[in-house]
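So, here's a batch of structures to check.
Each of the next two complexes has chain A plus one more chain, namely chain B in the first and chain C in the second.
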Partner chain A sequence: MFSYCTDPSTLEGFSWLSCYLTTGKHMGFYASFLTVIVLLLITAPVALMFGFAGAAAARSRFLPLSLLGKTYTAIVRGVPDIAFFMFFVIALDQAFEYLRHKVKCPDWSEPIRQGSDFVVCTQAKLPLSTSPQWMHEAYGFSLAVLTFAIVFGAFAANVLYGAMRAVPRAQLETAEAYGMNQRQTFWRILVPQMWIYALPGLSNLWMILVKATPLLFLLGVEDIVYWAKELGGLKTARFTEYPHGNWHAIYFFALLVFYLMLTSISERVFKRISRRLSHGQATAAGEAQRKAAQ
Partner chain B sequence: MSCLQTVQDYALRSLGIGERLLPREDFTLCEQVTLIGSGMIWNIYFGLIAIVFGFFAATGMALAKNSQNAWLRKPAEFFIYVFRGSPLFIQMFFAYAVFVVLKQSFPFFAPFTSAWLGATLVLFLNTTAYTAEIFYGALQSIPKGDLEAADAYGITGRTRFTRIVWPSMLRLAWPAYTNEAIFLFHATALVFFSGFPVWAQRGDALYYASYFADKTFNPFIPYPILAGFFILLTLVVITIFGTIGKRLNRHLPQAVIRRPGFMRTMMR
Partner chain C sequence: MKKLILSTAALAVTAGFAMADNHGKTVRLGTEGAYAPWNFVNDAGEIDGFERELGDELCKRAEMTCEWVKNEWDSIIPNLVSGNYDAIIAGMSITDERDEVIDFTQPYTPPDPSAYLAMSTDVDPASAVVAAQATTIQAAFVAQQGWTLVEFPTPEETVAAVKSGEADAVLADKSFLDTMVGSDGLVMLERMEAIGGGVGMGFRESDADMRDMFDKAIQSMKDDGTLNELIAKWEVSSQF
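Now for the complex of A and B:
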């Protein structure tokens, strides 16, 4: 990157380090931190939506729907999330290809599962083999997002289900007394009030989500763990201009610090949001704010 | 090959006992269930050791965090912050990398680079931090009256801790601690995917499940089997912890309302 970096073998100390840390591969490493942040920012709202749907389904008076909602949360909570990640990445991919295969090649006669192969017609491949490299990466990433959303949606459903039940019953009865129907009660009374009860659970969930992002590595996305493994390994002078020993410990220490910072910042933000949401609520925290303002 | 034969060959495969070669093709359901179940031995081993040792370490750590002495409190706070604030996955990678470096200068650290010791140590430290935070919260919410009553009766020192503080702390922490135990058992599935090498294909349940999924390219059989095993394990954990929890709460007024028997109502 810098002009003096043309022959790294002559460099020493700080100037060597400045060149080493600005190689193209390191730029990829820095960019992968953005991948993590992007994943978090996309996954959180999508998972919240899944969770909301799950919680609303579990509350439903229509039995099959409520059973569906409850089974969804129970199964995902009973099984390690890593197992889900490894399952969904293949399963979703095959499910999509299978559906496209059924639509695009209706007169295909051979079986799709041939021994240990999964064969669909070329037009049904996802992404198409002709599509550029970035499409493949984007597809892998969106599969990862969907997987995260499904798993964390179940956790969120559990939290939101609890929060919906925590809203004082009297509030809902009052709404009914004013002649609101079920839908109105749900959207105008229940949903606006449930967030303060959901917040401790959701903030906890966000922390778990942050701490689950390194699992992206297992989904085949080139994330920070991938780069740390790649860059930290032993490098001999034969293959690189910057030979060094096994630096895995240093790289993983950097990741550790990154995550500590991320969780610390999140904690501070959540404290602030909690203070904001407590405002005017019939809870102890809301009451304390009211007293302090007087 | 009959299923019984498969069980004999592979039930203890994860410990290196039995058939050396894993099945290579035409996997039967029996083979998959047996091998994945065999891998569960590792998950149970990791979880059990970490929980048992972590329980006592966490009690000490929670007391240290609750202490007035800053020399005890600050390190405990820092320990809990580091292990709760970073992903277990990264902790595993980092620990493994450190052990590998240490091994080069001190042969003493050689066993730490294998999962049975190294990963167990990381899981132990991790669960200690999470449990200590739970126990610390419980210590903070011990009813004031209990402590005042202890003071009034002249119960002090060690007796005060073992008879009053500790049982109350456990009772209050128990539901959250049950959750932590479940999560810990789930976390054991990470071990062989986070740096620690699998030696001679003696892996845990997830290792064998992913082995089958890779070979057959069909995730719909091995992973549900794995899920079944883990749900079973979770149920066992809930049952054991529930029994202990009931015992911890047995002195409290129970919520069950005793209705007069059928005959007594009739006689009245």
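Now for the complex of A and C:
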């Protein structure tokens, strides 16, 4: 990176460190922090949407819909994350390719399943094998987002389902007494009031999601834990210009600081949201706010 | 008439494909990137090592464009079979079990013994705790002997386990352990195990054409001696 970095073996102290920390490898490490944060920021709202849909479906009076919602939460919550990531993602990818194969290559005569192989025509490959590496990475990334959203959506669905039932029945009765129909009661009375009950559960889920990102490497997405492992490992002079011993402790300490910072920021945000949601609610926190304002 | 035009067009397209089949075709090579000197990530963050050079040369000879993909060892075969990349080139020994799921080219290194690394030379593997990387021939060997086995997902962790005392010895390819000998008092045991049938590239069983192409390229590198040069340069194994 810097002009004096051409022969690191002659460098010492700060100049060595400045060269070491700006190698291409370290740039990959820094970029992976961004990957993780972007993943979290996209996954959280998508998972919440899945959760909301799941909870609303589970509450439905239409039996098939309610069964669908309940099955989704029950099954997905029961399957270990790692199994989900190993098999579900591959299945999902194959399902996409199968559909494209059916559309794009109707004349294909060979079987798609050949032993353990999954063979579709080249035009149906996702992404095309000719497309550049970043396309493959983007595709892996979006599969990761989708899988995380489905897994965490199931947990969120259960949290929201509980929260919807925690809203005092009197509130809904009052809404009905005012002549609101079911849809109006749901959207105007139930949904705005349920968040305060859902928040502790959702904040737990967020924390778990923050720590679940190492699963990304199973999908070929290089996350911060992968890079910390790779960079911290013993490096002998034969394979690198920056030989060093086992520095795992240092790199994992950096990760610890990152995760603690993320946690502390999230705590603050959740506190703020909680204060805002408590406003005017029939809960202890809402009551305290009301008294303080008097 | 329309049909005729269509089929001619189709013929032309397929003919075009047949001619351009090799040239410029992209092959995605999957590797682990954590097994020096075979494959590792260099300072620039790129895949480097014996297999990087070998793979690039093979692609040149087969007139294809190669793209390198990193993948965890544990899921390296499932991801090949499901089509995330087209070949495995990751120091993978040719075994019957693997051969049932994927197809191998001819070996590009001769079968070499596996070695033990321990903190002292008087460790007897039979009565010791032996570390090995999960789903490797070494792990299978230790399990078969009925010895105490601890498995780790990456090669480096197996060595770290010996240093920390969690395991008494680590069994792995000799060339990999050679890079670790001497650091923190690690010594190599005299005992070696002759396991594995050489290292080859892995392909999907349905990709016979591509496998043959790489097989031919490996043969040509064997014939003109460049393969031996590469092996000597990276000190990965004995020569052909």
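We take it that the second predicted complex is superposed on the first by the 294 of 294 C-alpha atoms of A that agree within 3 Å, B and C clash if a C-alpha of one lies under 4 Å from a C-alpha of the other, contacts with A are read in each partner's own complex, and residues count from 1 in each chain.
One rule holds for everything that comes next: a contact is a pair of C-beta atoms (placed from the backbone, for glycine too) under 8 Å apart; a residue touches a chain by one contact, two chains touch by 3 or more.
All of these numbers come straight from a predicted model, not from anything done at the bench.
If you put the two complexes together on chain A, you find that chain B and chain C bump into each other.
Of the two partner chains, neither chain B nor chain C is touched by A:Arg188.
In the superposition on chain A, A:Phe118 contacts both chain B and chain C. In the superposition on chain A, contact of A:His136 is made with chain C only, not with chain B. Within the superposed three-chain model, A:Phe239 lies in touch with chain C and out of touch with chain B [touch as defined at top]. Judged by the touch definition given at the top, the superposed model places A:Ile90 against both chain B and chain C.
Of the two partner chains placed by superposition, only chain C is touched by A:Gly220; chain B is not. In the superposition on chain A, A:Lys102 contacts neither chain B nor chain C.
When the two complexes are overlaid on their common chain A, residue A:Met27 makes contact with chain C while staying clear of chain B.
Contacts of A:Arg272 after superposition: neither chain B nor chain C is touched. Note: residues 86, 90, 94, 116-118, 217-218, 229, 246 of chain A belong to the chain B contact set and to the chain C contact set alike, using the contact criterion stated above.
Considering their complex, residues 75, 78-83, 86-87, 90-91, 94, 113, 116-118, 210-215, 217-218, 225, 228-229, 232, 246, 248-249, 251-253, 255-256, 259-260, 263-264 of chain A touch chain B.
Of all residues in chain C, those touching chain A in their complex are 25-28, 33-34, 36-37, 40-46, 48-49, 67, 69-72, 75, 78-79, 81-84, 86, 101, 154, 156, 159-160, 163, 179-180, 183, 204-206.
Residue ranges on chain B touching chain A, taken from their complex, read 25, 81-82, 84-91, 93-94, 96-98, 100-101, 185-187, 189-190, 193, 206, 209-210, 213, 215-220, 223, 226-227, 230-231, 234. Residues of chain A touching chain C in their complex: 23-25, 27-28, 86, 90, 93-94, 97, 114-120, 125, 129-130, 132-133, 136, 217-218, 220, 222, 229-230, 233-234, 236, 238-242, 245-246.
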